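The following blocks contain the structures, represented as structure tokens.
What follows is subunit A paired twice: with subunit B in the first complex and subunit C in the second.
The block that comes next holds the complex of A and B.
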């Protein structure tokens, strides 16, 4: 066991009470994984350096590092969260609903699908010791704690989470809803949600991962999601960040795509004082396709940071990246997109777009869409825009008799719809449409549009 | 010093196997300060230049700041090179002859050298002052300006065009007021080094309301082995004036690397316009990446009310290019432009781009960057567009395209966009592709060889930038591109 530097003593105490208390009965591989991750974390720490820290250039995680968040594995009363978990319904035979309260699986709120051969959707804690699942070779395989303080911290505190596995060749759609809910507490809490999704050959899996929390409390969600998309498989991953207004959220998502697989991701962010969405997709086989979409609406002093990286390590892969932001108040949106085309990855086709709509004089957008190309027979492009609502369009709507307020809302909503419309499950699409429409600032836009 | 030698692009057994035809050295006596950098060298350079006390103090301040940086050069750029031994460089090298009064007095060796630089004959005659509307040239060899043409014609209009060392003596008030006002000595590692040891460079002053009657041009050449060149250029355009300035640069083909760390400062006062064009053709190193110039340059201009600064660059030389000509759009309605072609072949690396800092209202900037990578070259566009809260109605348009020739090269685009004002309109687009097979096929079908077709298509790709160059330069740029690409295709 390594000793912790003084500034992480608080986390170290929590870590020790986990590994000596409820975590003591874990299998040896998990104990090693945690110990190893803890030493990585104590070495790396939080990425608070401001100079030469390219991955965190525009986002200061000082506020997260300053607060001593409490970690606990004690069960919490879940009843207050019943309404959140049921905010929309998706029906179907292969639909599972898993709910986690303060990072622990809640059997009362969850409704897993009836057991089917080849499909597992379960709490990690319930199967850690079950060697049939071979978690040892899968957990931490894609999200390395090496050099990444947040992923290391999550791994060190690994004690529960979701495990979704669909066996090779399983036909028919599989849908899993994961809800990670933080419940109000007396002291700032931290949870480390962990999700592992393994889609076997030629399977079709949809996962909706949602994060909720109390509106006015300070807490920290440090999530890690690992996704493996097998040969010819398709995974649709939705990520809903509906945290409270004082919440901190760092999400680390690592995706590996095999040959001819297809992966789509849609990330929606509302609320959250400081949110970081770190997504890396690796094309590990030829012929892969991925479509990464994002929509965020920020207000007040919110800070949203999307860091997306697509690694075309193999030839003949296609990637599409489309992120859109709507900024109000004194909020700030950061977009860092990187497309890497490795030597030999010929016929790579990549498109990257980041569009921002700025509604307030004090909002800020920092965008860095980069391309790193090492192969010649490629088609890569990127585009970024930032601006306000087009005055001509607004004028057109007003000439049709709409008042300024309605016309502006309509245009902001239309801007957001491009991403929402791509959502496949209809109940989810409707739900997102409703909450985003409600979140559009309800006021006459403060800018003199006709400059 | 070795005998003069021309490496033509057709030479078969040249020592360096390079197609760099400007790679000859000039056989002249040079006055060299000892290798290495310390306070004495800074004092020596200042003394050689007979500089006033304030300038020496400024240099020393820069030097002590440089020491604080602990020789840690910035590492964020996408270029790789072994650490530079800053104590193994000559910081001062000058031809031994006295400063010439006119072109006739210039050492014939030097004249012959500049003649060899390969500008087509009738244009060279124009450059040398035969034609009526000429180009005034300031030739800088190693650290010292050796000749400036057309001085009298310019003086009639009140235009000052002279080596900066002369300006320090003749116009100290102007130099003192503006030197370091755009690029302060502590700006970055290389700018600090330059501020401590800068040797020469050009100084341009255009008085109020004057449209400079001819193109001004400086030709830089590194000659001495193991020497660094640290020139400093300062251009001041007074209210309502206009100037077009060009710079060209070459260096001998040597097996060791040479360091070039220049600083260029442009001050465009209200309603003025400065057009700055660069044809950078420092020695790029041989086919295996040996030798070549490390080109670490800081260029920045400040545009006041209604002023316009336009940077055009064609970067084909240097082993490493690290260069970001920038514009601070300080005044309302000011305009910044950046047009660039960067070509890398063999083992060349370029990390170049621009910064457009919008401060004033209704400021506009345009960035068009074209990168061409061939061989094992790596080119990166790195640019910043920053809209400050005060910049109401600011507009930026950025386009960066990369063309890849061959499958061993790299082309990268790293734009930074920071917007703090909602009325700003920012558009950025970039694309990367190879030369289209369809276009090649079409050309070949019409009987054009693969190689010629490539040149034609690449030339077309860069056409928009070349059009921004003054005519003589556009011709040369197109030639340069062709020579630099030789061997990369076909």
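The block that comes next holds the complex of A and C.
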């Protein structure tokens, strides 16, 4: 067994009790995976040293590293979370609802769809030992713990999560809603939610992944999601970060797209003291399409970091990236978008934009789009903007009788609606419209008088 | 047109109004009275202050009032926020209507109607009642019904934007409509539709101030009074015949007359 550096001693103690504790019962492949990941974490640690580290240049994870978060090995009472898991309802025959409380699957709050050939939507813990699912060859395949402290820590503590598998050629839409809920505790908690989505050839899968937690408690969600989109398949992935105001969240998302596949993601961020959304998409086959969308609304001292990378490793792929931020208070948003076009990846078509609406003179955006192009027949563009509510536009609304506050809210909501309107499941779209409208700060006073 | 009987107080009374944009003085002393039931046309060359006048009256933040007084139904208009002016029944049809991506026309118009109703101590309009009213107005101003389902002015042609202003005016039913070059950039069919929309609004209870560079729209809308604005002042006032004189002689005639001190 690897030793732990002194500063992560409490993580090591929790790790020891997980791997040696009663009921651990993990198959050998999982033990190896965890041990290896722990070694990686103890070598890498948290990326607190930012000098020369481009990936963490604008985000300080010191506050995460400083707190001794507890990894809870006991199941937690789930009753208080019932209403969260039922915030909105999506109906349909192939709809599964999986709820995780403090990182553990909650059978009483979940309602998986009736068993159907070709569809699995289950808790990872329930199938780790079932060789029929061959998790060994899938878990950790896309999100490597190597050199990434957060992914390594998540993998070292891998004990439960969601497994969604839709077999080749399954026809009809499959929709799975995942709710990862942290409940209030006496000591700051850490959870390591893990999601694995495998969409087989020509399948159509929608996954809504939501994160919730107590409003006023300090806790840490360290999530990893791996997605494989098979030949000709389509995956729509929604990620709702609705954590509490003192929460820390690091989400590592790795997507691999096969030939002629389509992937869309929409990431919504509200709340959270410090959030990092790390998303990497790899075109591993030709003819792929991806559309990555994001919307974040920050206030107070919140810090939101979106780091997105699209790897055009194969020719004839198209990527669209459109993120929008609304910043109030002394909040800060970091956007790093990278498009890589590999040698030979001709006819790559990539567009990325990051637009920010700034409501306070104390808020700040660091937007850093970059293109790394190693092929000559490509079409790539990027743009980033940060602006205020336009005074002339505001006057137009006021001249129709709308007061300053109503007009400002209408314009802020309109700015957000471009992203929300693309959400396909209608109940989810309505839900997002409602929670974003409610989150728009009062008196969004304009500070761009053009006159 | 027969003379309209004037009430005891004008709907709008402007006295010695001066205003500037930045350091530039644009309005240099405007005096104008508008009574209910009247249509006033304000003409003048580019840069004379026509748009400034309508924008100042609507409360645009881009101009600073430096002197004078404006009474609207006896109230000091210049002290009021733009939205209060609108709720009291003042409407400005913008020369360059703004695009509002993400704001549905329905939502925008209903918010305006409800703001005015609440201001008047009435309840908000029910969604169904509003739908029916909007449908009737859409037919009245002959606008493509699909435009109302889209975001306000987003991707509209110039003519569609102008028509949309007329629709907004029809929906909000103002007491005083200020039309800032609503006729410019319109083809003859659009001009006729816009003119019809304006004529439909005319009633003994309300008034229209029509700012225009050209005499063309006055073939469809007969004003009670025509004023010529030049260098921030009204230098001529008259009846409809003044518009014809301007059409025949051009604005140079006015410039020359003013410069000669006539």
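Going forward, the second predicted complex is superposed on the first by the 441 of 451 C-alpha atoms of A that agree within 3 Å, B and C clash if a C-alpha of one lies under 4 Å from a C-alpha of the other, contacts with A are read in each partner's own complex, and residues count from 1 in each chain.
Note that in this section a residue touches a chain if its C-beta (ideal position, glycine included) is under 8 Å from a C-beta of that chain, and two chains touch if they have at least 3 such contacts.
Worth saying up front: this structure is predicted, and the values here are computed from it rather than measured.
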item	value
Partner contacting more residues of subunit A (subunit B vs subunit C)	B
First (subunit B), second (subunit C), both or neither touched by A:358	first
Contacts of A:418 with subunit B and subunit C, given as first, second, both or neither	second
Partner chain in contact with A:28 - subunit B first, subunit C second, else both or neither	neither
Touching partner for A:402 - first (subunit B), second (subunit C), both, neither	second
Contact residues common to both interfaces of subunit A (with subunit B and with subunit C)	451
Residues of subunit B that touch subunit A when the two form their complex	75-76, 389, 392-393, 402, 404-434
Interfacial residue positions of subunit A with respect to subunit B in the complex	52, 54, 343-344, 346, 356, 358-388, 447, 451
Subunit C contact footprint on subunit A (complex, rising order)	390-393, 395-404, 406-407, 410-411, 413-418, 421, 449-451
Parts of subunit C lying in touch with subunit A, wherever the complex brings them together	21-22, 58-63, 81-83, 85-87, 91-92, 94, 97-98, 100-103, 107-109, 111-113, 115-116, 119, 151, 168, 172
